[in-house]
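Read through the structure below, which is laid out as structure tokens, and then see the notes.
Chains: A, B, C, D, E, F, G, H, I and J, in written order; residue numbering restarts at 1 for each.
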Amino acid sequence: MALFHVRMDVDIPRDLDEQVRTDTVAREKAYSQQLQREGTWVHIWRIVGQYSNISVFDVESADELHKILTALPLFPYMDIEVMPLTRHPSAL
Amino acid sequence: MALFHVRMDVDIPRDLDEQVRTDTVAREKAYSQQLQREGTWVHIWRIVGQYSNISVFDVESADELHKILTALPLFPYMDIEVMPLTRHPSAL
Amino acid sequence: MALFHVRMDVDIPRDLDEQVRTDTVAREKAYSQQLQREGTWVHIWRIVGQYSNISVFDVESADELHKILTALPLFPYMDIEVMPLTRHPSAL
Amino acid sequence: MALFHVRMDVDIPRDLDEQVRTDTVAREKAYSQQLQREGTWVHIWRIVGQYSNISVFDVESADELHKILTALPLFPYMDIEVMPLTRHPSAL
Amino acid sequence: MALFHVRMDVDIPRDLDEQVRTDTVAREKAYSQQLQREGTWVHIWRIVGQYSNISVFDVESADELHKILTALPLFPYMDIEVMPLTRHPSAL
Amino acid sequence: MALFHVRMDVDIPRDLDEQVRTDTVAREKAYSQQLQREGTWVHIWRIVGQYSNISVFDVESADELHKILTALPLFPYMDIEVMPLTRHPSAL
Amino acid sequence: MALFHVRMDVDIPRDLDEQVRTDTVAREKAYSQQLQREGTWVHIWRIVGQYSNISVFDVESADELHKILTALPLFPYMDIEVMPLTRHPSAL
Amino acid sequence: MALFHVRMDVDIPRDLDEQVRTDTVAREKAYSQQLQREGTWVHIWRIVGQYSNISVFDVESADELHKILTALPLFPYMDIEVMPLTRHPSAL
Amino acid sequence: MALFHVRMDVDIPRDLDEQVRTDTVAREKAYSQQLQREGTWVHIWRIVGQYSNISVFDVESADELHKILTALPLFPYMDIEVMPLTRHPSAL
Amino acid sequence: MALFHVRMDVDIPRDLDEQVRTDTVAREKAYSQQLQREGTWVHIWRIVGQYSNISVFDVESADELHKILTALPLFPYMDIEVMPLTRHPSAL
């Protein structure tokens, strides 16, 4: 499997239709929780004070990660940084 | 409890005595594994291609985190970035 | 308790309705002063020449800080940087 | 009076004589505590995970602040950023 | 007295009403010249090739400087950097 | 398989023993060419004017890539940036 | 021939007419595939998590590359970085 | 005479009236060519892949350069960096 | 004449011979004061908290400025930024 | 032919043997002037206040440029940025 550290900074335009915003955020939550249940989205934390998150994904490949990220409902309003992780020699 | 995302970039000077280097790295590993066993150092991953790690700490307070980080045997050779985390609304 | 250093840079869009702007700024002031009275928002200074402030918060946890910051009426128009603080060995 | 926000990042060279290091750090502490007692150095916090501090000075003038900072025993080993502060309109 | 180095980068939105622009720029000039006559705004130079200036202010305090800067008619369209200055040991 | 874009900036210390330098560079070349023959190191180009290269690796996983990179003879003298790649929708 | 490493970051404005967007993206794909068939656009990879690509062009000259890039249908919505490459001494 | 290295990055807003755009670009070309004929604008090159140029101006003074640059028809849509040059000791 | 804004950040190596340091700093002061008397070095201020200065030079040309700056006794230990200035339209 | 804009920032280590420094700088000058005579090194200017130059090279290819730059006697002490240029549509 492949482990990736992903930072997502969300910036939803102010003039986005209110209903579209609400639906998109709801779809984002459902989408994320589905992937969490599947064990793909293994960690998701909110960065204090920011509309941003740090996530860790456990996926088959970078290809799969790309599909997951670009299918995020909020993808069009995100800056995304991806960093591949590997096992640390001190990890238990 | 308090959750912190910590990035550590290690740059051990080339002219550090070889035995000191080996001992320090060994003490670092033991120190880290002890904290992992205690549930304080909850995640540690190596960033691919770098002598760096991403860690997540679950501590009583920022004060405790500071004590832990500054007591790292490799602390003098590290650049450290600390980011407080909180629960994400989508987290299961 | 947990101490956090927070920098807030405010950038209210020019085309925001004037009344909304005035109300929001007023609500921000009331909200801030309430938290100051409660001893949570312990310091707030204006950075000279900028629509920005440096604040120090004394909170139960980072979780509480996140709730406070994201509930700021001006939050949607802010860039926020959060840095955890701890007691300095020289502090009296 | 004049209020200044000062960030100090300390980087003491590894090859500094051990005794010189210990004396300098001790003199730095005494110097800081003297200024704290005089009400000049009003706040000093350690940034978690860093050999750095955030301080706030209440001085007669920027000239006085410069004398204070350049007289810091650790000054030769510091990166210093100074930001003038002023009263925030929301401050109680 | 207190001496401050201030860089102002001006970026007036293209869609600002032409008459508002002209009046604002005129008020800015009058305001600046008034402060120059009073000896507060001691230097103002244009940075070649930029809609920016380098200024030096001689004021009672940072508080006064903040009032002056935030009262600039063009303030809403400016990025401002403030640096406190002090007497140089080589200055005649 | 997993595709990674890797930039390597090499900065060999001037005071490295000349023979060590020559051997290390030779071992680096042999190591690289072996991986190229195996089809792992699929591309390596020199960036004009720099002691740097852009490489593309086709590996089993990020774990494997990390092993490869940290085993580079010149690794101690390198700044390395790793970016996961995936198939472009326009690629033939 | 001349080899160039090109990074393209695409940011299509939200308010671009949907049909224009679709046509432009289609023309971009056709244009790219034509150049790939001609052997000019030798590599194109998607950067994981980003609407960006890393490409390598093999062209007669920088002049030709400029014509190719500025004729990209998506050129108006791109940030482009160009780096000349040359043969690496370790390349097989 | 005074020699200046100037980088100009052009970013014409998408919603600029098409005729205004065409006229402005035409006036820019005529203006530039006139200054080239006068020997003031001594070099102008396009940066490959960018709507940017590197220019070298040979002018009486920085004052003259400022007048020239701020009179550029495209000036409102430009980021400009100016660097003073002088004769290189190796120049023939 | 030509007006230039120059920022000088001084970083004298710790291991510079003490006598050389003292002589160099003294020569720097004498050199600067001579140019101040000649009206070339029109302003020199210390940046609070830094071993840096902001200076303004009034010289015949950039060529002359280059000779002046590179002849500074502390030049080898300086980072220097030069910005050409011109008369501001609001300047009295 | 291919035109390249090259910025070279020189930082010769203080502890380089004086004679080596003098010879290297002399060889650099001779090398540069030879290439200028051949019409390859078409422009070289000193950036005011810096031990840096802006150069323009007219070469067969980027490969040739790389050979030229890496053969510079001062190459080991340089930071080099290379930018491909092409003909500007306004150029006479």
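Operating definition for what follows: a residue touches a chain if its C-beta (ideal position, glycine included) is under 8 Å from a C-beta of that chain, and two chains touch if they have at least 3 such contacts.
A quick map from chain label to UniProt name: A, B, C, D, E, F, G, H, I, J = Muconolactone Delta-isomerase.
Because the structure is a prediction, the values reported are computed rather than measured.
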| item | value |
| --- | --- |
| Graph distance between chain A (Muconolactone Delta-isomerase) and chain I (Muconolactone Delta-isomerase), where chains that touch are linked | 3 |
| Mutual neighbours - chains that touch chain C (Muconolactone Delta-isomerase) and chain G (Muconolactone Delta-isomerase) alike | A |
| Furthest chain, CA centroid comparison against chain C (Muconolactone Delta-isomerase) | J |
| Magnitude of the superposing rotation for chain E (Muconolactone Delta-isomerase) and chain G (Muconolactone Delta-isomerase) (Cα, nearest 5°) | 145 |
| Centroid spacing, where centroids are CA-atom means, of chain A (Muconolactone Delta-isomerase) and chain J (Muconolactone Delta-isomerase) in whole angstrom | 46 |
| Computed distance of Cα centres, chain I (Muconolactone Delta-isomerase) from chain H (Muconolactone Delta-isomerase), in Å | 29 |
| Residue list for chain A (Muconolactone Delta-isomerase), restricted to those that touch at least two other chains | 3-4, 46, 48, 62, 65-66, 82-87 |
| All touching chain pairs, where touch follows the definition stated at the start | A-B, A-C, A-F, A-G, B-C, B-D, B-F, C-D, C-E, D-E, D-I, E-H, E-I, F-G, F-J, G-H, G-J, H-I, H-J, I-J |
| Partner chain J (Muconolactone Delta-isomerase), residues of chain I (Muconolactone Delta-isomerase) touching it in the complex | 4, 6, 13, 62, 65-66, 69-70, 76, 80-82 |
| Complex interface listing, chain E (Muconolactone Delta-isomerase) residues touching chain I (Muconolactone Delta-isomerase) | 3, 5, 28-29, 32-33, 36-37, 43-48, 53-54, 56, 83-92 |
| In the complex, chain E (Muconolactone Delta-isomerase) residues that touch chain H (Muconolactone Delta-isomerase) | 14, 46, 48-51 |
| Complex contacts: residues of chain H (Muconolactone Delta-isomerase) adjacent to chain I (Muconolactone Delta-isomerase) | 1-4, 61-63, 65-66, 82-87 |
